[in-house]
Amino acid sequence: MVSSMGRHLVLTTFGESASKYVGAVIDGIPAGLPLSQEDLRFELGFRRTGRKLVSGRREEDNPDIVSGTYNGYTTGSPVTVMVRNSDPQPLLYRDVSHLPRPGHADLSFIKKYGRENWDYVGGGRSSARETLSRVIGGAVAKKLLMLAGTQVAAYLKSIGGRGDNDTVTFSEAMGSKRFPTRARNSEWDAEFSEIISRLFSEGDSAGGIVEVLASGVFPGMGDPVFWKIKSALASAIMSVPAATGFEYGLGFRSAGMKGSEASDSIVRDSSGDLRTERNLSGGILGGITTGSDIVVRCAFKPTSSIRKPAKTVDLDTMEPGSISVIGRHDPVVAVRGVAVAEAMVALVLADFYLYEGILPSSRISRAAAAEMEEKWKAYMKEYAQ
Amino acid sequence: MVSSMGRHLVLTTFGESASKYVGAVIDGIPAGLPLSQEDLRFELGFRRTGRKLVSGRREEDNPDIVSGTYNGYTTGSPVTVMVRNSDPQPLLYRDVSHLPRPGHADLSFIKKYGRENWDYVGGGRSSARETLSRVIGGAVAKKLLMLAGTQVAAYLKSIGGRGDNDTVTFSEAMGSKRFPTRARNSEWDAEFSEIISRLFSEGDSAGGIVEVLASGVFPGMGDPVFWKIKSALASAIMSVPAATGFEYGLGFRSAGMKGSEASDSIVRDSSGDLRTERNLSGGILGGITTGSDIVVRCAFKPTSSIRKPAKTVDLDTMEPGSISVIGRHDPVVAVRGVAVAEAMVALVLADFYLYEGILPSSRISRAAAAEMEEKWKAYMKEYAQ
Amino acid sequence: MVSSMGRHLVLTTFGESASKYVGAVIDGIPAGLPLSQEDLRFELGFRRTGRKLVSGRREEDNPDIVSGTYNGYTTGSPVTVMVRNSDPQPLLYRDVSHLPRPGHADLSFIKKYGRENWDYVGGGRSSARETLSRVIGGAVAKKLLMLAGTQVAAYLKSIGGRGDNDTVTFSEAMGSKRFPTRARNSEWDAEFSEIISRLFSEGDSAGGIVEVLASGVFPGMGDPVFWKIKSALASAIMSVPAATGFEYGLGFRSAGMKGSEASDSIVRDSSGDLRTERNLSGGILGGITTGSDIVVRCAFKPTSSIRKPAKTVDLDTMEPGSISVIGRHDPVVAVRGVAVAEAMVALVLADFYLYEGILPSSRISRAAAAEMEEKWKAYMKEYAQ
Amino acid sequence: MVSSMGRHLVLTTFGESASKYVGAVIDGIPAGLPLSQEDLRFELGFRRTGRKLVSGRREEDNPDIVSGTYNGYTTGSPVTVMVRNSDPQPLLYRDVSHLPRPGHADLSFIKKYGRENWDYVGGGRSSARETLSRVIGGAVAKKLLMLAGTQVAAYLKSIGGRGDNDTVTFSEAMGSKRFPTRARNSEWDAEFSEIISRLFSEGDSAGGIVEVLASGVFPGMGDPVFWKIKSALASAIMSVPAATGFEYGLGFRSAGMKGSEASDSIVRDSSGDLRTERNLSGGILGGITTGSDIVVRCAFKPTSSIRKPAKTVDLDTMEPGSISVIGRHDPVVAVRGVAVAEAMVALVLADFYLYEGILPSSRISRAAAAEMEEKWKAYMKEYAQ
């Protein structure tokens, strides 16, 4: 298995839903970055949002930094963060160990690793719980990016085809941090909440689209062949469970357009800098950042676990069987995907900033750290949940 | 710059439109694979298809294998292939060296590498000519895959929003190798040809969608976190110039669906093997191949170089300027993108097959090679252009 | 920082002497490998050997497997192992925070990461405690290798120039697991013990040479250019703290020889297989294994922390200062280096076996696992400490 | 096969002795580095030195830059360099195709790739001719390092045990560029020449030791675990054909010393900077550069091809056979190894400088380039051959 991503900032995730801990090792961080468990807990809060909508349950994931910091600053060593798994409930699942769930990794997992190695309690590494580690890595990446004046924000653009078709500014996307559904404003939040409630009561689920923006992006990140920033972003986004599509800028819409429609003039902005007029290419040209906001979108499929019975094959008898999921599941995995997609984009960008030498590789001065930390504190205050 | 892709089968491309050669170094090939220049020339033929439609010109790209084979077989050493660039035409371009072209890499290239290092004659590494090297790498990958009974075929699904919405079988996709537009049958080929001619006469261009299928896929390729096969495919596809979006299976459509609609039962097929009933997830579950056909799609934006004048900034005066492209350009870059996307999928799959030990890492027996070569010859005969 | 090694079997280590835990994430293990904490504890025992010689103290390092196994078998997921650090003793060290220790990483660490980020309590990531994680990784690697009939054993060849010049067989090297100094027999063990005691009472230290052998090596591992097995072994061995030199086969001795002396005929062995007559090249020709035993040696410098005062510069006053180490330190770091070097060779070999497809990438059958486990149990019984 | 090295500056080599070309793709070079074929030819000159000693033959290797430069400057694209192989002489070798040569890669090559894929004409990728590509890469690396005020020089320290035991300064090492044997002064050059002539007339060969120094090294390069600079240097040096050992600073000598002897005080130098008094650790502490000169040594075994008959096995009959080499071969491969080892150290250092952001990743200003080029021209003038 390959559980690491990144070329300079390397995130390694570990843990399954049935293991004692899930966690992350984040390596390649310069020394001198202020980092606390509170920072991580804050970001993990956004990943939990969706849950509250349907279950009211408030499970607290308590991230423990067990290496890589000293007196509240990173030391240049890998930062390791552990989150204890609550006890799995084998009884709840035991009766399904012979029934691979449609839409899940079960079928391909069994073919690859063998049924005898299949951890059917919770889906093993394919469990959504692994994304905790990504959000933890994303928190570190965001603090690094903030040193360079760069920010990342995602929001939920649509659910089941019903959604928000406007072009959204970075600060609008940021606003989604105030809403449980991660819609970008209260109107959409209300609508999405209603859809989710309805799906929940129907025992059904729906797909959704998440848009991620980055502002204050350094121009010139990425390069023209295999280390295109769009290529790295696509790889990271598509590694998220349930992600079925990736696009940037006009994306798939551009496939239906004429060149004369999709043309985006080069102009000078108020500061004299060259940029494109409409940013139709999502801040990326030739695979390299232009300095305009990055705009990418990710399609999430509907949650595969639904109450409605699904047909499968009974592994014991090899006869047709049927499975319906009783536990609490998010009807729209995309809601939780907002925080995960946001983390992935932050991780990719921070990796490029380190790789290209925009962020220092060895250490951050106390002065730069203090300036960043002040902004970070303001961000945490503004979006406190 | 990062000019290499792959973990075990590593393709390195080099060359710009203004350099003496473009080429590829393909490393990680086991010894004993039959490989000839004819094989490469055959595959390069598919990349040229679009050209013929509008220009009638038939430029022959002559690939020269300069290392890595001995008596017609690979030796385990890196295979290096060179293709000479015809003389660039600096006069044709000279007058535009102060005018970065909208939609091209020029703007971001200048910001990154500096105007003084900008090879404005043809776009440097961002030139579509770099994709020659990918198709060469793809030819080697296809021969490797054929050893394992796996094949890859792409076709043009739509142009400018007009296209083919059906689910297409692998052999239908394969059929596109008979048509200049790489549509999957003569009806669509006729329609696409007409659209292209019209665009050409209007001096405009259009985007398009390419679908790539793989059949005979070994189940269990890829793993559940960062080395998901969908992640590697996305990265490879999005590294293609002008690619703006990637999806697999239902892709973005799934974002608009309910779980009950998108559900895909697990069944036993005639050979007793488990598979999904409708293959809605494009042969991939949990990031791992299921054994069903892989189905991915790539959105291409409209060719940015069009005859209609586009607004830019004059780098000498920093005043607004205008540029219109006079040379011959493909109105629909997606046509040529078919061969490139096909190559990228073949490269990714062959890399996984080697990485997972499905294909031997050190050497292929003469017997296995002969069996494969026979099939390859049949393929070349069937789709001779 | 780069805390990962390996191409297919990837060991990531984390933790400092002042952090809560040190540990390892071992990724790329196929599913189905039996693995218990007892296996790890057994191997960690060999790393502690030297300690007992001089201090009598028996600190128990208790490895906790927190992810990656299920019912006693690996699942294909990364195996994470944590070892809690006992409470550091800041008082013991506080007075030296202004005195970088000669021979240690302090000087270069301060230049790289800044004094403000210098974890002077125990040397941060340069602490020998990090090598715990390597021995843990090595234990996993050894079990993988045992599946292929391959074993690794190291022993202490010399201390301070006094040592064992004979050519040693694999089983003689294995015998060192019975002696506290990891000498290969009781005579050398007695002599080394005496040297160590004398050094301890003098407050001095000495260097040493460790030899590592591997038997049952699969021929054809490694390849002829940058992934030579000697290159990977050198990188791994030289990453061990205090390692100052690496050689294989005749090594530096070959530099003083004539070709006619160093010539090693090719012969057929009793089984008809081709091999070299004298194995002067340590099982490696052209960077590729021949199938004969691998033989490599590693030079360790004397422990830098000695009781005799050493001159340094006081960072507060920038005036000359002096430091002498009071705590308990191994006079001969090479003793403990035996287990670490052995682990590094096992990790490198297992990585190649996976990379080349000799070991299965996805899963091990229960039958193969059971056969291996029986041998492993016999090994643990024979060398119980 | 893995034919690439480096993390940021990536050298890929290709070609065998029997292929049309050997060459190199050097990727990760910032735009704006002046680079000409003359630069490469100059450095290749040092690799030829040993040849002249014994054969008088002057084969000119003509490096052709076929991509990656524009108007004499790098563009940020991979620089590809081709060197045509003169026609191989199959007749000369044909009669030995059934006789694997002792000491060569033949035996392990046949076991790995199969006899049917064995390019016995010249040894395939194991041919010393591959090192041409390394020296080409080294030339680029040296120009990059010169931007940062860093230089690398190697010299031949001993042949067959007879040699120069003094500590050598960087400028003394540099002086070796004036002597055919790459000894550091005329006395040693005379002695080494005589030894080589004698070996040649005896039909024998000898090993040797090469020492490589780097001056003006930036402190803080490398990090404390697996990306130690000593680890990267060991890997690179041991990837050179015929290299059997690596050490830095005191190296293997330290294994025979006491801590009190090997202690190296920390002092302030005239500029107030902290450094070690005697540089016994070869400019590296804790795996990180201190800023003092780097000092590493490489052991080369005797050339395996000698006139004296060596015993082998006849692959056709599987009976004992005998082979003696008639062609012209360097009796001391270490002579030519000087240029290769020097190149490897330059490549490793330049990679770290880019990785750590000491050298710019994207582009070099014309001013910095001009300043460097002036120094480079002076260097070429001073050591013109």
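In this document, chain identifiers A, B, C and D correspond to the written order of the chains, with residue numbering beginning at 1 in each.
As a working rule, a residue touches a chain if its C-beta (ideal position, glycine included) is under 8 Å from a C-beta of that chain, and two chains touch if they have at least 3 such contacts.
All of these numbers come straight from a predicted model, not from anything done at the bench.
Taking B-D and B-C together, the chain pair joined by more C-beta contacts is B-D. Farthest chain from chain D, judged by C-alpha centroids: A. With centres taken as mean Cα positions, chain B sits 28 Å from chain A. Put simply, the C-alpha centre of chain B and that of chain D have 38 angstrom between them.
Centroid to centroid, with C-alpha atoms defining each point, chain B and chain C lie 45 Å apart.
Across the assembly, chain A contributes 1-4, 13, 76-77, 112-113, 124-125, 220, 223-224, 362 as residues in contact with two or more other chains.
On the side of chain A, the complex with chain B involves touching residues 1-5, 13, 100, 102-113, 124-126, 130, 158, 160-161, 199, 204-209, 219-220, 223-228, 230-239, 241, 243-252, 254-268, 272, 274-277, 281, 284-291, 299-304, 306, 308, 310-313, 318, 320, 331, 334.
Chain C meets chain B in the complex at residues 8, 76-77, 220, 223-224, 355-357, 360-362.
On chain A, the positions that touch chain C within their shared complex are 1-4, 10, 12-16, 18-23, 25, 27-29, 31-32, 64, 66-68, 70, 73-78, 80, 82, 112-114, 116-117, 119, 124-125, 362-363, 366.
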